[in-house]
Amino acid sequence: MSLDTGSDLLSDVDLTWVKRKELLFHVLLFSAAMFGVAMLALLIFDILIETAYGVLILGIDVGTFLTSGASRTWEQAGLLPAIIGSIWLVFLTLILSFVLGVSTATYLEEYAPRNRTTRLIEANLTNLAGVPSVAYGLLALGVFVNGFRMGEILLAGALALSLLVVPIVIVASQEALRAVPDGMRNGSLATGATRWQTIRGVVIPSALPGIVTGTILALARAIGETAPLIMVGAVLEARSTPDPTSLFGSMPTMIYYWAFRPVTEFHNLAALAILVLLIILVGMYGLAFFVRNHYETRV
Amino acid sequence: MSTDTDHGLEITGDVADDQRRDRRIRRFLFGCTSITVLTTIAIFAVLFDNTWGFFFDATFSQWVRTSVLNLGVEGLTQRVSFIEFFTDTEWRPSHADDPRYGIPTLLAGTLLITVGAAFLAIPVGTAGALYLSEYASVRTRKYLKPTLEILAGVPTIVYGFFAVSFVTPVLLRPLLEIFGLSIGRNNALSAMVVVGVMTIPMVMSISEDAMNAVPDELRNGAYALGASKYSVSMNVVLPASISGVFASYILAVSRAIGETMAVTLAAGATANFTGNPLAEVQTMTAYMVTSARSTALVGSITYQSLFAVGLALFLITLVANLVNDYVKRRYREVYQ
Amino acid sequence: MTMATNETEETGGRNDSEPLISTEVTSSETGRGSRADETVLETRNLDVYYGDEQALQDVSAEIPEHKVTAIIGPSGCGKSTFLRSINRMNDQIDVARADGEVLFHEKNVYDEDVDPVALRRKIGQVFQKPNPFPKSIRDNVAYGLKIQGKEVTDEAIERALKQAALYEEVKDKLNSSGLDLSGGQQQRLCIARAIAPDPEVLLMDEPTSALDPVAASKIEDLISELAREYTVVIVTHNMQQAARISDKTAVFLTGGKLVEFGNTNKIFENPDHQEVEDYITGKFG
């Protein structure tokens, strides 16, 4: 054994085996931690390769792709109506989920008495956050599309997405409201402000960066959601530009449709669409991190 | 001084207006809050109502309406027997002559993929969490954690595409060929891989939180006894944080059960009662999205079957969420 | 000048009527000419509980107008609770409950028909830790005016800032954030915020304890000035401060009892109670 450097005092301690095991363990844990990173790299690599193949070898025209609608032939197929659909969906979801989410969080943090009912509402929220997204699709299908006879319109999809992400907005807003020091509230109340004046004048402005960050992240979740939209009846082959009261498609449903087509060129279209979606997502995450780092240090 | 003679403390004037507005706003905010409760109730009600319509010839609400109107117990014709639904191992609702509705088929698909994903996500996630909490330098953590957030933020449809365009043809097929096995474009194995990958961040971050909550005194006590990092990780940190780690597993499993787009693209649309990971299977969620398009006819049995499967899914994830809640509460008690 | 008001009538069961010595109080510069002390605030047999715990026991005190009344005592004796029960900030604490009366111009503030919001528009408060809002200096001062539906004018803001002895330091940066000021400036901003809507009473809860000595002494100087316009009630753990700035002193000792209440000179030079003397001389507390 390697005892040549050891002094007499420590000569009876043989750590060789321990050290080997330690090293092996370290390597194992490191690989596990890096596994996700590697998969993410592979995923991005795959999307880039498929896109590059589509654009460079097959000759998909990016200009056409970004300015036209779905088509039977892959050469003329494009993503524009789906992009517009997604923008509409995110916009409506933003309004609905922001109002609903921030209001609920404000009630729970600033008004609600600490009693059984409040605890039940909060337990229900945790549960809602864990309900699979398809279930929200079924809810919208049963209630909005067929119950209220809205039809398979964009607004119904936006409602499904809003209800889906509201728990995320609520939890993020609650955290932001909780981070506002009580001294701020007391300062306002002692000036003779009502609770609402305090909330509007002091609490919400201080919590706003956190609320905004949480909302952007929730919207990033919404823009990639596919299943609820399919349940609501999104048009898979989005050909014309939608508005809130028309039939609609979205980027993820378009990707789903193209990925399922037997003609492999459509898979490259799907990859290109994914690339567009991922770029938008990166933008949203960047914005969220910017808001978080730039404004949140103030308070 | 505005009012010297009068104490002016009564609820009148400007203050009264402000207070009235405060109460109005409070009512509005409470209204918004109750929508969250209403959502849960509505999900359950819609699922239950249409599930009733799946088993019988009218939805629950229709049945209540007609029997109340006729003041007699309307005879209910059962379309699908409970025995068939719970025990049949065939699921072929669109079969023209002999449609069969055995949820075990879809359940098996969901279970197969969930178990497979768990076999990937749990060990990798736990080990990764240990690395983050015990081994990683501040610098590594600084880069690794946002990367995990991104991994968790990739839309599931993208994972589905990744499964069919990369995992199956590039990773799995060549690997399996070595053993003389072959797989098709859609297979359970690729779904297991991608669902496992997408749940790793969840296991990792929640487990790491639990591990970080382990007080340093415990670690130092073990180090002072001459323990190696390995021994501290495995014999001190992991056991001390086990309930939080366990909670992350439940959450990941619940997420895997409800996962839809990735499994739909990866595992396919053929309901198969099988435990073979190389086969094409259909999960409960995949059935719902693939059939939603073909069921324009409201009230048809296929339409109602979506809700029946949805109800089953809802109840399963509800149980998972409740268990998670329970574990989390116990875990809080331990550390505070 | 300082007419000897009758002191504590009953304090925690002890009945000690004080010798009514008329003392000219050092720092009381009653700017509005001589005028008899009028009682603005009076508590009668006030008990405050937090859940099962009693924080104030049978406190009766009369607080004179346009004077500085200091509340001293060891920590946990209920000083801050006393202050918070005056403007009903205790309402914010779910488990807090008050028995007895707090009379503001002879009106019990705990009466059914009293709105705490209306009350707080007449009784302002400054807190231990400076708590400016994350807004501009101007908006901080304007805040009270705005929420109370009063007109926000540059003069009003300037006046409040001048009264708070902050104007000269910030007049060129009224639009910069209140959080950018130093601790002492922040506290003076909070004072400006509290007095801008012109309350009658100003409650101060250890306003200098979070500040360095220089900033603290600035605020001390300010407090005497403020007494010209407002009735000031200040909680402090610093006995020298109480001696320096107050006209009247209330000594709370453990258990939330008001043990002695009287002219500051008297309390510090010749208190009636042995425990008060022990506390003031540092033998206890």
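Order of writing sets the labels: A, B and C. Residues in every chain begin at 1.
Here is the rule we go by: a residue touches a chain if its C-beta (ideal position, glycine included) is under 8 Å from a C-beta of that chain, and two chains touch if they have at least 3 such contacts.
What you see is a predicted model, and the numbers here were worked out from it, not measured in a lab.
**Q** If each chain is a node and each touching pair an edge, is that a line, ring, star, complete or other?
**A** Topology of touching chains reads as complete, every chain touching all others.
**Q** With centres defined from CA atoms, tell me which chain sits nearest the overall protein centre.
**A** Of the chains present, the most centrally placed is A.
**Q** Tell me, please, which two chains come out on top when C-beta pairs in contact are counted per chain pair.
**A** Highest contact count belongs to chains A-B.
**Q** As a test of understanding: of all chains, whose mean C-alpha position lies farthest from that of chain C?
**A** Most distant chain from chain C: B.
**Q** From the mean C-alpha coordinate of chain A to that of chain C, what's the distance rounded to whole Å?
**A** Each chain's C-alpha centroid was found; their separation is 51 Å.
**Q** Express in whole angstrom the distance between the two chain centres, defined as the mean CA positions of chain B and chain C.
**A** So the centroids are 56 Å from each other.
**Q** Suppose each chain is reduced to the average of its Cα coordinates; what separation in Å results between chain A and chain B?
**A** 15
**Q** Would you give the residues of chain B that are in contact with at least 2 other chains, written as numbers and ranges?
**A** 15, 18-19 - these are the residues of chain B that touch more than one other chain.
**Q** Can you list the residues of chain A that touch 2 or more other chains?
**A** 192, 194, 197
**Q** Of all residues in chain C, which are in touch with two or more distinct other chains?
**A** 117-119, 121-122, 147-148
**Q** If you look only at chain B, which of its residues touch chain A in the complex?
**A** Touch residues, chain B against chain A: 15, 18-19, 21-22, 25-26, 28-30, 32-33, 35-37, 39-40, 42-43, 46-47, 49-50, 123-128, 130-132, 134-136, 144, 147-151, 153-162, 164-166, 170, 197, 200-201, 204, 228-230, 233, 251, 254-255, 257-261, 264-265, 285, 288-289, 292-293, 298, 306-307, 310, 313-314, 317-318, 320-322, 324-325.
**Q** Considering the complex alone, what residue numbers of chain C touch chain A?
**A** 87, 89, 92, 94, 117-122, 124-125, 127, 129, 131-135, 143-144, 146-148, 177, 179, 190, 193-194, 197, 199, 203
**Q** What does chain B use to touch chain C in their complex?
**A** 1-2, 7-11, 14-16, 18-19
**Q** State the interface residues of chain A toward chain B in the complex, per the touch definition above.
**A** Those in contact with chain B are residues 18, 21-22, 25-26, 28-30, 32-33, 35-37, 39-40, 42-43, 46-47, 50, 99-100, 103-104, 106-108, 111-112, 120-121, 123-128, 130-139, 141-143, 146-147, 163, 166-167, 170, 192, 194-197, 217, 220-221, 223-227, 230-231, 233, 236, 252, 255-256, 259-260, 267, 270-271, 274, 277-278, 281, 285.
**Q** Please output the residues of chain C touching chain B within their complex, sorted ascending.
**A** Within the complex, chain C touches chain B at residues 104-107, 109, 111, 113-115, 117-119, 121-122, 147-149, 198, 200.
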